[in-house]
């Protein structure tokens, strides 16, 4: 078995490369191509495209024109056109290592997509100072998925190196479009998780008792995943000249502003966490025209299905009546959702035991907080429904900047230790 | 002298060509290039670029990258690269015809720019049905400037054909960027209007006593130009995860929505017309991030300087404090303005007399209503300040769709009759 | 005939008395009682209550409890209980002087009600300094109706003193509830105006070409009365504890705030003046309860019926959908309206001629501006519909404070000159 | 010792009497008078007024005029004028029973004030059907304090009847103004709690794991009290006529609506519960005047001081800048606050043991949820700071209507069982 610590420079190289060429959800053609190629080199059986995703349930996917542009961009940035073609416009990679010996199927999940924001390009921001800030304008790994992909690739290498000691099957899932929602569902619906006995999804950073989980700590289970639902809203009013014909217009901009403010006034719920957000609002065509159009990207999240149902009802009510107040037509497109989810205590226990043996982890916590949602819950739920055990873990990392902000960065030291933990768990469960 | 009515097919061809290749303010490279070339052919002395515009006062001009793209686009669509180069990144054309005989300087102004909106691409919209709808996405001649340019070119031809009958000088000004504001000022500041004794700016359509001025009618003066002022507003907050770290964010989207609503509640003014509009609002980077940024394009207009001053003060107060309510940084960029203005009664009288002689005009009105603003007032004011006479006239036209809406179209018959009127006026003033 | 100027101290006394005991619309029991008594003393035939008002069309009248309180208050402040009883809960007085000689019926209208605001009680405010500021909390003659009533009483005295020189009939109408709307209509519907041949309604102050009409000037006609409509809005949501059960509440306060802001964003109308106002908003029951109720007093006004129709439609749309956005029940009560109206040019001419003869009036204007609405138009329209002539005039007055503000006051010198003008007009029309 | 169950009719009578004559915070003159008289009859040493409250720290107290009105009303409704006079304008009663034997000081707290809302007066509402609905318009026992006072009086009676079995001292605190905030603090600052060794505050109803705590259950400790802060906000703009002089006004109503909406958009906090509420908004003076004034009653609450600090900062920022957006002056008055607080586990354990012995309580929970705030925390904190033990308990009760709504009612059976529990605890702690 390879010396894990010696792979630290490699894991950092991977991460910085993915960071520099940040790719948004359903556009991870370059990342997927590199992952696929490496897994093949390491001896994994690699599947992509229609072999790993059910296209009918692909939610939140951008339009074809965008996909074509992104494929071209990815190829210009080094994606292997052969892999891109195989992907059939659906990103993501699954690598399977069969030991040939009967035993459990262990599934590990790593997500690969960047956020659709601009990265900080200023001194003092580590990726910028080190020259690996995103060169893809509008895309930024502000949630650490670059690190997850790097951890996945090095974990793949370590597992491959120790395959003689293992039984059963190792299934590595490199998932697209976690941030947009929808990436996990396509893979789940294809049945990729149906035979998995033990499942671990991994994230860097995260929270423990309200504070950031620092480097040297880890959390071995999570139970506070929010039921989250995403909507796109389209308002269609009527343009007119604001001086010449003001009364003829139907002002979609003011309707959207009213909706946005009112959505943010939706009352909390006494039974648990509720969140709503209008993340994007775009309205209007010209300064000197009453705005005939508006577009919003909106989400609600609840600690339970009941709370999300409450939020959704309030949200849709507001969207409808803010439009009608301004005599504006409206359309709401349901984009994606992710359910809530829980870690299996038995699986948490295994992780805790292994983490406690590793010197890096000074604090090993039973349960951390996501404080949000994650479509890993789609996979966890499927595994559990088939009788398997699942958890979601966090490898703590000191952070710069807030998660999802353009200043976000994480302590790269966490990555190799994450590999240590994951491979220790695989060894524990899958040893001959 | 040429038979004016015989030029009707040509004027329609011109108009449809300009309509199809609609170009926004400061990007009228193809239109300018065609105008310049025709004027040279007709024997005019033609100036462009730094010879007709004072670059220091060019307001509202887009950034260089956009200008370069637009130049390339214009050349692809047939602009003569030689003219594009001469323009030195500033559109607009001035053509001068000197009779060689002492006499008055007559200035005629035609504006050339399209609006930054998408044209209706549906059956029932005349330009679409006839195949000349705008192929330049995002640009639409929804205010009739395509017609103005066509009128200008055919007027140039008629004047050239009757130059032996004239004395003095004819100056034809094909102006850029009326819609953005700023096109007239650059030309005025260069001194182009300083020697003009008689000035006429022309618009198709317009309003008389609250109703659209129909084909077969004209209005010979306007006095209700609004003092209008344009601003771009930038809000900078802070992104954060709306579930994980909601309290850390500084929500620029909600600040902008508050500002937009509040701006539209600015109270009217007892001393005359006041208008405000937030025409464009764009905020946010991702559905699941608190929006760290917002951008608005805003205008205020008043019947007098005092009213606009009032509106501006209220506007800036709201922009500042809506930002501060959400702890968001703000910046207001003043983009352009146009003053109010009045037609000279003496000049109006000349136009009325000539219009009354033309059989087409069944109704000849002394005064129409703009119900908005126009930077022709910059030129009128300059001419008047130097002792000249100026007016703004409207050649009535039955309209489809509202002005500044994507459904806008006008009755093309008005154009050749506009040429008749303008050339009759030139003859009246400038006959030997 | 009495010497008019000698009545100046009396007119000032009347005005200050009415000012001090300011009474709101439909509560002018003391004022009406004093007016009725004086008219009887002067020899007028006096009618009140059901003899001058059609109770079925009494709009905007407060509830019985309020009326009873106000009657008691009025009697405490000197109203004659006998008159109060005769009024039958409907204020207003009509005094008729029949000369016994055939001739025209001349109607003069004076309104008597105060506004429902608190008067400034500070040094520097003339009524306060002189000790005649309103002692009735919540009521303030901030529109000059105290002066109108005083002018009416002294005009009655002068006319009585010159009755031997007159023919026909003089009908003095002291109207209630102009500010609330509805006072004029009840009288009109009773038929009081049906036999009037010449009608003049009088106001102090007002506007000429955008500026306050000063003392020593008058305006003899008005044509810009707005069509105005008044509504009361009731929202009913559901209270709940904002911490314990926030999601159970239905927040009427936020619904009303949304409605109020949106109402003030209703776009102007290209065909003329449009105004809307939410003058009163009251919501909520306790700091720590989600507000289950809200109440708003709202108005729209338009230069034409079409514009008011537009405003009303937008208003009701917003009221409905702001409520529905917050799942709140709503009810809109139509309170009152006043139509637009025009002065008869022939009547304006008579006023101008008489005013021009009086030395006080240095400037006699044909047309002033109301810039609002007035239910005198109900009376004017009725007179005109029966073939009579009507106008509305303003006796200019230097003002302190804005009309309808608690600082409002007017130059008392205008009053006696108003009497001079009105009696001159009566003499002109009604001389034997 | 008296037979507790036999006192059930009496406790119901007490409760219904207090309910019918509901009195708001700092106006509980009738309730206090009855309590004081009964305690004297039972042999308690009774203190009121300045003997139990520190007047300098009386927060949230209404103005003197209101207090005088309420005293008169209380006396009309049966309050003993002698007690009312002794109270010196400060309500509340403390009764002390000294056994004469050395031993612990046990403090029990009961709050007495009603909410400032109108009670449902309709069939189907139990208090209405039984004829004991509040006859004091604007006051409603919608939080069960009528029950608390009844429990307190009967507990007093039982304790008195068993005083021979007890040692130490029993201190019964009948507190005013819990809902307004401020009632507890005045008593605490007077030092009334300084010698208390064991402290129990009692509430009917409340919540366990998100659901209402039913009859037959109790919760023996609470730890989720929110840090809550109350503010009154005053806006002062400028009235003007919305048609005649709209631009002169400074619209306090729109400023307040903007503030209210923005306050309800304050983002949640990642570290725990945060709540804000604008419970009352009153603006404007007349329909046809731009509103010159606005008043709001507002609160923020947080699970920790840090969260409340965050909310307060955001709140004050919004209040300031919404005012400034409309050029309106503002003033924020801090009304009251209550800290967060925790039950002592040792004390919780005692309660649990006693409750478990009582047959009524089928479910005895260690910890319930307040989901809000309570100024009992002021007393708990003081007791704890002096080395005593404190808890807050809930006697479950099936409810009709939501807490703080006009439909609220509770199962009266809970009361006598509450007495059983409290007296059992007293016996446990204070037995000789």
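The chains carry the letters A, B, C and D, assigned in the order they are written, with residues numbered from 1 in each.
Note that in this section a contact is a pair of C-beta atoms (placed from the backbone, for glycine too) under 8 Å apart; a residue touches a chain by one contact, two chains touch by 3 or more.
Everything quoted here is computed from the prediction, not taken from an experiment.
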Equivalent of B-D within the choices B-C, A-D or A-C, defined by over half of its residue contact pairs recurring: A-C
Copy pair chain A, chain B: interface residue numbering same or different (half cut): same
C-D or A-C - the one linked by more C-beta pairs in contact: C-D
Chain whose Cα centroid lies at the greatest distance from that of chain B: D
Distance from chain D to chain C - Cα centre to Cα centre, in angstrom: 48
Chain centre separation in whole Å, for chain C relative to chain A (CA means): 66
Touching two or more other chains - residues of chain C: 207, 242-246, 248, 251, 254, 258, 261-262, 264-265, 268, 270-271, 275, 290, 371
Sites on chain B touched by chain D in the complex: 242, 244-249, 251, 254, 258, 261-262, 265, 267-271, 274, 290, 310, 314, 317-318, 320-322, 324-327
Partner chain C, residues of chain D touching it in the complex: 115-118, 179, 207, 226, 230, 238-246, 248, 251, 253-254, 256-258, 260-261, 264, 273, 275-292, 297-299, 301, 370-373, 402-406
Partner chain A, residues of chain D touching it in the complex: 207, 210, 261-262, 264-265, 268, 270-273, 275, 371
